[in-house]
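Quick heads-up: structures coming right below.
In what comes next, subunit A is part of two complexes: it sits with subunit B in the first one and with subunit C in the second one.
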Partner chain A sequence: MLAEIGFASTSLSLIAALYAIGAALIGGRIHSDRLILSARNAAIATFPLLLIACGMLLIALITEQYQINYVRNTTDPSTPMFYRVTALWGAQRGSLLFWSLTMSIFTAAALLISWKNDRRLMPYVIAYMMAALAFFLYLNLFVENPFERVWLQPNGPNDNAVVDSVLIPPNASAPAADLLAADASGLNPLLRHFGMIIHPPMLYLGFVGFLIPFAFAMAALASGDLSTNWIKATRRWTLVAWLFLSLGLILGGRWAYDVLGWGGYWGWDPVENAAFLPWLVGTAYLHSVLIQEKRGMLKVWNMFLIVGTFSAVIFGTFATRSGLIESVHSFAESEIGTPMFLFWGSITFVSVAMVVWRWRQGLLQDEHHFTGWLSRESMFVLNNVIFVALTLAIFWGSFGAPILSELYLEEDITLGVDYFMRVTPPLFLVMYILMGVAPITAWGATSINRMGRSLLVPLAATILTVIAIVATGTTTPVAVVGYAAVAMAGYVALFEIYRGTAARVRARNENPLQALVALFTRNRRRYGGYIVHLGIVVIGLGVIGSTVFQVERQETVDVGDVIQVNDEYQLRYDNFVVQQATDGRFIDRAYVTIIRNGEEIRQLEPRIDRFVQSDNTLMPMTIAGAHSTIENDFYVLLGGAGDGEVGYNRATFTIYINPLVNLVWWGGLILILGTFISAWPNETRSATARARTTATPKMGKRAGAMT
Partner chain B sequence: MKMRRYLFIGLIVLLLGLVPLSAQQEPADPPTNPETAASTTDSAAVSDDAVNEVASRMYCPICEMEPLHTCRAQTCIDWRQVIREQLAAGQTEDEIITYFVNNYGDRVVGIPADDGLRLFSFAGPLVMSIVALVFAFFTFQSWQRRNELVVQSATGPTEDVHDNKTSNTTNDADTDYRNRLESDLLH
Partner chain C sequence: MTQTNSNTSWEKPRNKNFEKLTKQSGGRWKFLVGGVLLLGAIGYLVASSTMMGAQFFITVDEIVNDSAYLGEEVRISGAVIGDTIEQNTVFVSERQRNAITFTITHIPEEFDNLAEALNQSVSDPNSTRLDVYYEGPMPDLLQHEAQAILTGKLGDDGVFYATELLLKCPSRFEGEGSNQQLGEEHPGMAQINAG
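Showing the complex of A and B:
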């Protein structure tokens, strides 16, 4: 019954989405408010329908309905309740349904919030959103159905007695429950981690969230209302999507660091890069769209950026789910590959064609003119160049070169960390320099004197920092240059916050705290942005430290022996036990002691969890022992990469010392805080105050008065 | 305006100048291992660190983008043993990597060993970055042209130039900053 209800509910949401597309387009064409309202209601109805569908799958997972293939493939009788719930998005079919649900949530919320203010855009917004949702629902129903069950049918198709079908085939019966339970394979052990549990939903929310600005942009093109209305309507949605995507990336890094057992958090793997690409284009868009809001410029470019962001979302989904990453040939063999490729290609082609169409009509003309080379517009354009260059370089390394090489040169190549560590650091360096320079330039134009005055304090602080870094023994040129650029960006953000606060203190006699709060309250977007910059700065410090100065040692020792890790640290092997957990897994646990400059500082317990699989083989999962401080992580793995020794008498340990790595996570938290501040609604800016009028030169003139 | 343009171009050149400078730097110099250079016949005497140093420059032939030194696949375990034996036989890192590339193709290394494929790999981002820069240059040029037209046709200076000049003449930097801040906060 659960499968039938879930299937019916998903089918109804597809029907509702298709109806919404038709009603919205016809309603828009004949100016029928009733039809458009009906389309909106149908679009909103997809949310409760998909909630029911996901609810049915969740109940099936919790109540162990192993006749449903998805339940049998992601759980088994020993799976703890927590992982039963998270198995909802633990594999392709469930995650696609969950993706559709998140899309319907965003759609319903955007339609309810923007309904009154953006009526002219609504028919097209509904049509675009529902077209995207309908595609994923099509996948859910006809390609990757999570409600499919296994049946025993004598004389089934091709003389096969086992048939997969949602509905009961003629003369079929369900296999015995105990057989199904015994055959269940359980969730991949690598996914049993808190970071991995919430990392996919965060990524999905980020990916799906970009549908909102994309749909509004396309609606603006379709309707011809190419004022800044669509940007104002979607600014917070874009920030929310960006926030979730950032969170997803950070949590993914944390999961890799804790679970994958290689001492790092970012491996430039194509799957990671597929999620990073929309973040890069989306970040370029977040900056570039400011120029359109403030100066009425770069309208065409912003359209291309939002199209690029959503296109990157769909491409990333296609690449990771279709098998394209393994081989260009495997995507064509996968059931999901061809439809996803066609969807990605068509949505990108149609969107680009619409931008070009309106561009040629002259409806995307800039309202302001360039007044100075040293202006914030110029800096933002350069910032965009860097983000686009990073996007293209990473796309090329992950997908472009390997695919073209395999297709046309008949050579299978890997562009690995070596490639990315040569190509991306210079671009990131320029990004940090621009992050330092751009905030002190002005809209319109700035003078060298003014820029110099604004830069004086941050520059002096940077020079002092570099002197301090070199004086404490860090002389690696790459690190010193990197730290200087990152520190400069941080000092500029801090100094801008200080200057704004100090100006208020002097002008209004407020105390510094009052002035600071008032400053953030009056322009959350600007100062929240500085906090985001500070988060990126802290992440940058962590990345440089943990990449350039990582220490790695591997050695096999007898119990009681000591490994000399470097001049400062030693590791002593103390003990070893084998245990069995209540969920059936076997645990090999080593006890080791960290010694720093002759003093014992902490005992760690690196371990290997061995999960019993349905075929009675053991699947190992290495859990690191880590001693974390703000200075570094002392990170120990047991057993090497599968070929080390694991036992009481002798054991192999891989030890990493990762300087400043925790700044990556702390920077992530600061970034989240900054995005919250930026996205928080302004009290003074009510919906009615935000009159939806076409941007006029007068508006642009006011906005042109610079910072 | 000309002075500013030259300064702006100078800034771009400076930023771009940093790209090749920084590109020449290796991310980290791996610690030197005497075993890689030493000639010995006992593979057990070769440390795990020496093996990992070579293996970290290579990739698993089966798993996608999995570095050889961390991969648990049996093939990778076997390959690490081959590396250990070759190090014991006195071969250098480059010789060992060349051996694997010759036998298993360019897929086993992070950057193709073949010159043509390497050029192909690096030409892509270089060409695309140049295209992005050219695009930015033409964007600036187009803005500049339009601005000159506006200045020629107007009776007075454009609003932004005027704003800028006005604020430039202000002696009180703090007042100037506060005014600009207040102006920005209005929007």
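Showing the complex of A and C:
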């Protein structure tokens, strides 16, 4: 029954989406408000319908309906309740349905919120959003159906008489419940981690969220309303999508760091990169679109950026889920490769063609020209060039070179971590330098003199910082240069916040705290942006420290032995035990003590959990022991104790000392805070909105509302 | 007074326009040259990094039969023969390390089913074999008929010295009557980076 309801409900939402496309386009053409309204309602209806479908799958997972293949493949009778719920997005089929649900949430919300303000764009917005949703629903129904069940059909066409089908085939019966339960395989233990539970939904929300600015941009092109309306309508949506995508990436890194046991958080794996690409283009877009809003420039470029962002989202989804690239990361090879590729190709082609069409009509003409190098516009353009260069370089390394070599060369070539570690640092360095310079340039042009004055304090602070860094013994040139650029960007952001506050204190006699709060509430977008910059600065410090100064040591020792990790640290191997936990897993546990300069500072218990699988094999999961401080992480992995020649008393340990790695996570939190400030609806109107209020009273109100 | 005024009003716009024009076209050149330099630098960076970071992904057949790969860093993929897996303690610069040796067999570049390809490769006595040496803890997925994806160099002694070992065991996670392979769904499943 659950499968039937879920299937029917998904089918209905596909019908609703298709109807919405047709009604919206026809309604737009014949100017029928009734028809457009009906299209909107159909589009919104996909949300409750998909909620029901996901609800049915969830109930099936919770109530152990093992006849449904998806339930049998992601859970087993021993799976705890929490992981039954999260299994909803634990594997390909469920996660695709979940993806459709998130898409319908976003589209319903966007349609409801922007309905009144942007009527002219709406028919096309609906058509674009629903076309994307319809494609994913097609996958849900015809390619990767999560409601598919297994049936026994004695007189069926197959020899083994086992049939996969959503609906009951003729003369078929369900297999016995105990057989199905015995055949069930639980969630991969590696995925049982907090980061892993919320990392995929965050990433999906980020990916799917970019559909909204994309659909509005395409609607602007289709309708010919190429004013800044579509940008204003979508800027908060873009920030929301960007926030979720950032969160997804950071949580993925945290999960990798905690669970995968290679001492790092970013491995330049093609699938990681696939999720990073839309972030990079999206970040370029977030900045560049400001120029269009303020100066009416870069209209064509912004169109290409938003097309690029959404295209990267779909490409990433395709690359991750189709088995395109040899990656331990990817979903198993599946049949969605071809349809996803066609969808990606056609959506990119059509969008680019639309941009070119309006461009040649002269509707995307810039209203201003560049006047000088030292203007905010030029800095933003440079920032864009860097982000796009990063995107292309990472795309080339992860997909371009491997695919081209496979197609056209005799040998397959892959570009390893070395490539990324060589190509990205110079670009990131320029990015941080621009982050330090751009905020103090003015729109139009800035004189070197004026800029120098604003730079004086941050520059002095940076020089002092560099002296302090070198004096405390960090002399590696790469790191010093990196720290300097990153620190400078941070000081500029802090100094700008200080200057704004000080100006208010002077001009309005507010106390500093009042002034600071007022500064942020009056201009959330700008100062929230500075907080985001600070977050990126803190992440940068963490990345430099943990990359350049990581210490790695691997050694096999007996109980009682001491490993000399570096001049400062030692690790003593105290004891080893094998235990069995109440849930049946076996635990190999080593007791070790960290010694720093002769002093015992902490005992750790690195361990290997071995989960008993349904086929009685053991699925191991290595859990690191970590001593975490703001200065560094001391991270120990137990490997291979008790096997073969290496007896129970001997164990191999891999030790990492990761300086400043915790700043990566702290920076992530600051970034989230900053994005929240930027995206929060304005209660108090900004200066520009106020200026507009004096001209046309209604406009100001609109700009202040959540658009 | 009037004359001066009319003079300025006549002169000013002309000058302004003239200035604006030259500034704009001069500015355009500056932007163009700057842009070309910038793109050139980025292009050079990508190209040189590609040359440095390129790894050939080859088969066991190719590395064994073509001496051009001797001493070059390459990536190879092969099927693990379970009986050959051995573990020893070795001394590397006065530290004890765990060393693993095993043999892999050739698997073709393209196949329909990974589990079948691995099984065929291991059972075929004529398939090309290659001995592998790797230092590090024993990976749990290193077992019979696992697919090993190795990065490293072939030594003069005919042994492949791997610095990175990635393992996949397709048969292990495959549910009956399904095309889901849960075990392969997520990052770095069995990735082990050696020091």
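By our rule, the second predicted complex is superposed on the first by the 664 of 707 C-alpha atoms of A that agree within 3 Å, B and C clash if a C-alpha of one lies under 4 Å from a C-alpha of the other, contacts with A are read in each partner's own complex, and residues count from 1 in each chain.
Everything below uses one rule, namely that a contact is a pair of C-beta atoms (placed from the backbone, for glycine too) under 8 Å apart; a residue touches a chain by one contact, two chains touch by 3 or more.
Computed from a prediction, not measured in an experiment: that's the story for all the values here.
With subunit A as the common reference for superposition, the partners subunit B and subunit C occupy clashing space.
Of the two partner chains, subunit C is the only one that A:91 touches; subunit B does not reach it. In the superposition on chain A, A:423 makes contact with both subunit B and subunit C.
In the superposition on chain A, A:256 contacts subunit C only, with no contact to subunit B. Using the contact criterion defined above for the overlaid structures, shared-chain residue A:69 touches subunit C, although it does not reach subunit B. By the touch criterion defined above, A:412 lies against subunit B and subunit C together after alignment on the C-alpha atoms of chain A. Touch criterion not met for A:350: it reaches neither subunit B nor subunit C. With both structures placed on the common chain, the touch criterion links A:481 to subunit B but leaves subunit C unconnected. Look at A:397: by the touch rule set out above, it reaches both subunit B and subunit C.
After overlaying the two complexes on the shared chain, residue contacts for A:176 are found with neither subunit B nor subunit C.
Superposing the two complexes on chain A places one region of subunit C into the space of subunit B, and among 44-52, 116-124 or 170-178 that region is 44-52. Shared contact residues of subunit A with subunit B and subunit C: 260, 262, 267, 269, 326, 369-373, 382, 385, 389, 392-393, 396-397, 401, 411-419, 422-423, 426-427, 552-556, 620, 640, 643-644, 652. Every residue of subunit A that touches subunit C in the complex is listed here, in rising order: 69-70, 72-74, 90-93, 150, 162, 164, 183, 185, 187-188, 190-191, 196, 252, 256, 260, 262-263, 267, 269, 271-272, 326, 328-332, 334, 369-373, 382, 385, 389, 392-393, 396-397, 401-402, 411-420, 422-423, 426-427, 552-557, 608, 617-618, 620, 637-640, 643-646, 650, 652, 654. Of all the residues in subunit C, the ones that touch subunit A in their complex are 23-24, 27, 30-31, 34, 38-39, 42, 45-46, 48-50, 52-58, 75, 86-89, 95-98, 109, 135-138, 140, 149, 151, 166, 168, 172-173, 175-195.
By the touch rule above, subunit B contacts subunit A in their complex via residues 1, 3-5, 7-9, 11-12, 15-16, 18-23, 25-28, 47-49, 52, 57, 59, 64-65, 67, 69-73, 76-77, 80-81, 105-112, 114, 117, 120-122, 124-125, 128-129, 132-133, 135-136, 139-140, 143-144, 146-147, 150, 158-161, 163-164, 167-168, 173-174, 177-178, 180-181, 183-187.
Subunit A contributes residues 260-262, 267-270, 294, 297-298, 301, 325-326, 366, 368-374, 377-378, 381-382, 384-385, 388-389, 392-393, 396-397, 400-401, 405, 409, 411-419, 421-423, 425-427, 429-430, 433-434, 437, 442-450, 453, 476-478, 481, 499-500, 503, 506-507, 522-523, 526, 547-550, 552-556, 620, 640-644, 652, 701-707 to its touches with subunit B in the complex.
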